[in-house]
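Chain naming follows the written order as A, B, C and D, and within any one chain the residues start at number 1.
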Amino acid sequence: MKKKLVNNPDHVVEEMVEGIVLADPDKLSKVEGYNVVVRKDSPNEKVALVSGGGSGHEPTHAGFVGEGMLDGAIAGDVFTSPTPDAVFEAIKAVDGGKGVLLVIKNYTGDVMNFEMAAEMAEAEGIEVDHVVVDDDVAVEDSLYTTGRRGVAGTIFVHKIAGAKAEAGAELAEVKEVAEKVIKNVKTKGMALYPCRVPSAEESTFTLDEDEIELGIGIHGEPGTERTEIMKADDILDELLGSVIEDLPYESGDDVALMINGMGGTPLMELFVANRRANQVLEEKGINIYKTFVGEYMTSLEMAGVSVTLLKLDDELKELLDAPTEINIMK
Amino acid sequence: MTEKSKEILDKLADVIIENKKHLTKLDSAIGDGDHGINMARGFKEVKEKINGNNYETNQELLKSVAMTLISTVGGASGPLYGTAFLYISKVIPDADFTIDSLIEIGQSAVDGIQKRGKAEQGEKTMLDAIIPAVDALKESKENGDDLEEALQKCKVKAEEGMKATIPMQATKGRASYLGERSIGHQDPGATSSYLMIKTIVDELYKYKD
Amino acid sequence: MKKKLVNNPDHVVEEMVEGIVLADPDKLSKVEGYNVVVRKDSPNEKVALVSGGGSGHEPTHAGFVGEGMLDGAIAGDVFTSPTPDAVFEAIKAVDGGKGVLLVIKNYTGDVMNFEMAAEMAEAEGIEVDHVVVDDDVAVEDSLYTTGRRGVAGTIFVHKIAGAKAEAGAELAEVKEVAEKVIKNVKTKGMALYPCRVPSAEESTFTLDEDEIELGIGIHGEPGTERTEIMKADDILDELLGSVIEDLPYESGDDVALMINGMGGTPLMELFVANRRANQVLEEKGINIYKTFVGEYMTSLEMAGVSVTLLKLDDELKELLDAPTEINIMK
Amino acid sequence: MTEKSKEILDKLADVIIENKKHLTKLDSAIGDGDHGINMARGFKEVKEKINGNNYETNQELLKSVAMTLISTVGGASGPLYGTAFLYISKVIPDADFTIDSLIEIGQSAVDGIQKRGKAEQGEKTMLDAIIPAVDALKESKENGDDLEEALQKCKVKAEEGMKATIPMQATKGRASYLGERSIGHQDPGATSSYLMIKTIVDELYKYKD
């Protein structure tokens, strides 16, 4: 996959951010000089939610900026965490005096850059706290690693913490509910075909014509296993099986289900995947409270799917259902 | 006084930019293939910044380098090297470097990187090149080596440290996702650290008398 | 692209339709024995809107079934128009006594199969009428061809006619506004990479690694021109140029803009395209009233983009803005 | 009486199914590469349908074939062939076929296809095989040919008609999007029509005495 609909790869993130804001100019604005998208009505008198990371995961993150979800999003270079000054600009733009919660995906670079930004903001008297999302069950969670990666489960953190903030909660309460989501959300993904960053000559990884990769990350980082291509139902059984046994999700649990396309997967295939996920969950007695099928956390044009479960209690259900301007989370 | 430091930093930037492909290739094997891209982007900015400005003190100069790296490199290496230079800027003298001041500079870099990244030696990171280099300076001080000798030993230890990352299993950074599969590859961050130390040593050597 | 997330290709449409309904079981249901999706609350006391066609264009058509848009959608085999009996079932399921409008895309097969279904329905006393969408400016519109193809502009017909029906209009009025949309909507698309239907061994067409196809249809039908890969801005200038001069859209016009991904295009690239489209329209003095960026009318995993303009008057604006359950059209 | 018709239809279905790849390949060149798939899907159902049911009259039998094609083929060819068989079902006698009844059958097929598809001869469609075949029967009637002779001429004309689509530019159906680029390819629908006519002729020939 050499061809791309881009101009100069060095400017692709900036041009994308301009395109995002131009698609919804009444509600979004760009922070001058930075690849930062914020709600046009910022700052609001509420706890503000800020997230961000490398680009290439669209609609994450800027696509979730809007009432009921994020107040600001920082777009780093493709697959590269943004720098602290950009994060700091986002924080300043959205802080309405009630403090800012940073939602960070668990990558060393993201964590450090956001922490530095938090220090900068605190030095200016802005109250800042953060949570780190690590929902990818494909990575071993041990004291001897940097821990699990943050992937599609992040969207549920944005939605639920966003609703809590919108409801007028304090920073500590918003953080608390975000951490409840993080504790109850698990994801596993796979790839059929790799992606290529606009500035690179080659794909980050390669897969043979009869090979797939299970447990892959959203930057084409290696997964847990390379196997022969299987049929969709078997792939789903494998992904969902790992997710279910990890928490574990049990009979009688209410869950939100996300079938997330990695960027190059036809929607047709995501619905075939959703069918099997429903069958498996029904067999296990796990109740689907709400289903999300589509592209939420992509990896450029990677073909593949990830499956996310979030275990819900009454509070999380209410916040998941709360109104938001973000169409694909309604 | 800042002229000499500027020259060293300018040379250091050139070396990193020259090694863009090499560093990126190392990162492709066990990371996400952007270390050279990230570093080259940052040090290109550093060159522009320092050559376009006048600095009264080395402290000012180093702080400017730190802030430039922090705001342009991104990824994991941006905040780590940025913090290292920020910490260095707090201790760097305007006087000629001595073994003592070099130890203080090196130790500050290590402190900054550890404050930020919370890694120890042996986790297959840039620290595996830097810590042995600082340790060599400390040993030279105890042994009473002269500056020349100390610098040479420092460079050798940095290179040994970089190479020692090859058999290590990564437990920090992106490479840690690979588990045992990270073994057998040289760490890109340790490589960029070695290149910086080597350049600094070689440049100081030029001015040694 | 040989690998797909499917089971048996012969059952892919049926499994997809099951997956679609399972994703939204409170609002959608499947007509037993047919690949037909209808609003669960059907029939309603209003003019009903039915569309459909070959599968592989998801979210079209079933993704647009819901309050404010379609009442029913028929999914044919991949890229094959559905049969009259299935269309007839959809008509019967949604007719609430005020008649049914069929929205047909201009393909010989679609037109004939829907017309036969209409005859069947009329024989049972159901009032049926239809419109034919032909927005693809890439095809020459002459008396000596079957005319232009129906592509992404169809979504605007669904939205606006759907809103009109929801507002309580009569069949003739709904048809009239649908035809107004058809008269004012134009589209042109292009492909960077082809798609492959699940049952086939090979892609419908091939493109070299430095080649793109302009004016392509949504089934990989040949376009107007094969050229070397160009940068995004040049591609947009070309597509939008053809669209603008066709109606023509003129300075002072208010338009809705749709930047539609063909299935395998990263959202990042669609936003880069949107940026250029905004620049071009601004230069021409054409006002963008509302922008839609995303996947609306896809062609499986084809990589590429289409650009649609709809010229709006006050009536169309109001109907475009009218509430709908369909998230991506809000 | 329906036994003989059933056998002919069964054989006709086999021929279409055997030619699935061939028809699909022709459609790939100027259409969307599914004509064989569509037709084979439909005629597989036809086989099951007619062999699993008893029909009192040929009319009933043909109507059943028509409805099966209509509800399983899809695309452009589904309604066209479906309507053709539906129209045929209205005129087909239970008595042995004569030139007269064959003309009536053929003309009904043409009427049905034209009612549905609004195409004329020369637009590079199935009609380009069928119309010449019906014309041949009419001519035979005027010339006073016997049934055997008439059938042979009918088959030859259908084949000529099919081949005559090669130099035509399509102005109906999907191939018309290609404009001039549709020239030089044989029309898939004309090909499936020829195959059907050929099979019917050959089968009738078997029973000729």
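Odds and ends about this structure:
FYI, contacts are C-beta pairs under 8 Å (C-beta built on N, C-alpha and C of every residue); 3 or more make two chains touch, one makes a residue touch a chain.
Labels paired with UniProt names: A, C = Dihydroxyacetone kinase subunit DhaK; B, D = phosphoenolpyruvate--glycerone phosphotransferase.
A quick note: this is a predicted structure, and the numbers were derived from the prediction, not measured.
When chain centres are defined as mean Cα coordinates, B lies farthest from chain C.
Averaged Cα coordinates give chain C a centre that lies 33 Å from the centre of chain D. Separating the centre of chain B from that of chain C, both taken as means of CA atoms, is a distance of 56 Å. Centroids built from CA atoms put chain D at 80 Å from chain B.
Centre-to-centre spacing of chain A and chain C amounts to 29 Å, using the average Cα coordinate of each chain.
For chain B, residues touching at least two other chains: there are none. Chain contacts: chain A has no residue touching two or more partner chains. Contacts between chains trace an open chain of neighbours here, each touching only the next in line. Against chain D, the residues of chain C that register as touching in their complex are 76-77, 79-86, 107-109, 112-113, 115-116, 139-140, 144-146, 149, 199-200, 204, 217, 219-222. Residues 28, 32-34, 37-38, 70-80, 82-83, 116-117, 171-174, 176-179, 181 of chain B are the ones that touch chain A when the two sit in their complex.
Taken in their complex, chain A has these residues touching chain C: 1-8, 12, 15-20, 22-24, 55-56, 58-59, 63, 78, 192-193, 195, 209-210, 212, 229, 231-233, 235, 259, 263-275, 278, 291, 293, 295, 298, 300-301, 303-305, 327-328, 330.
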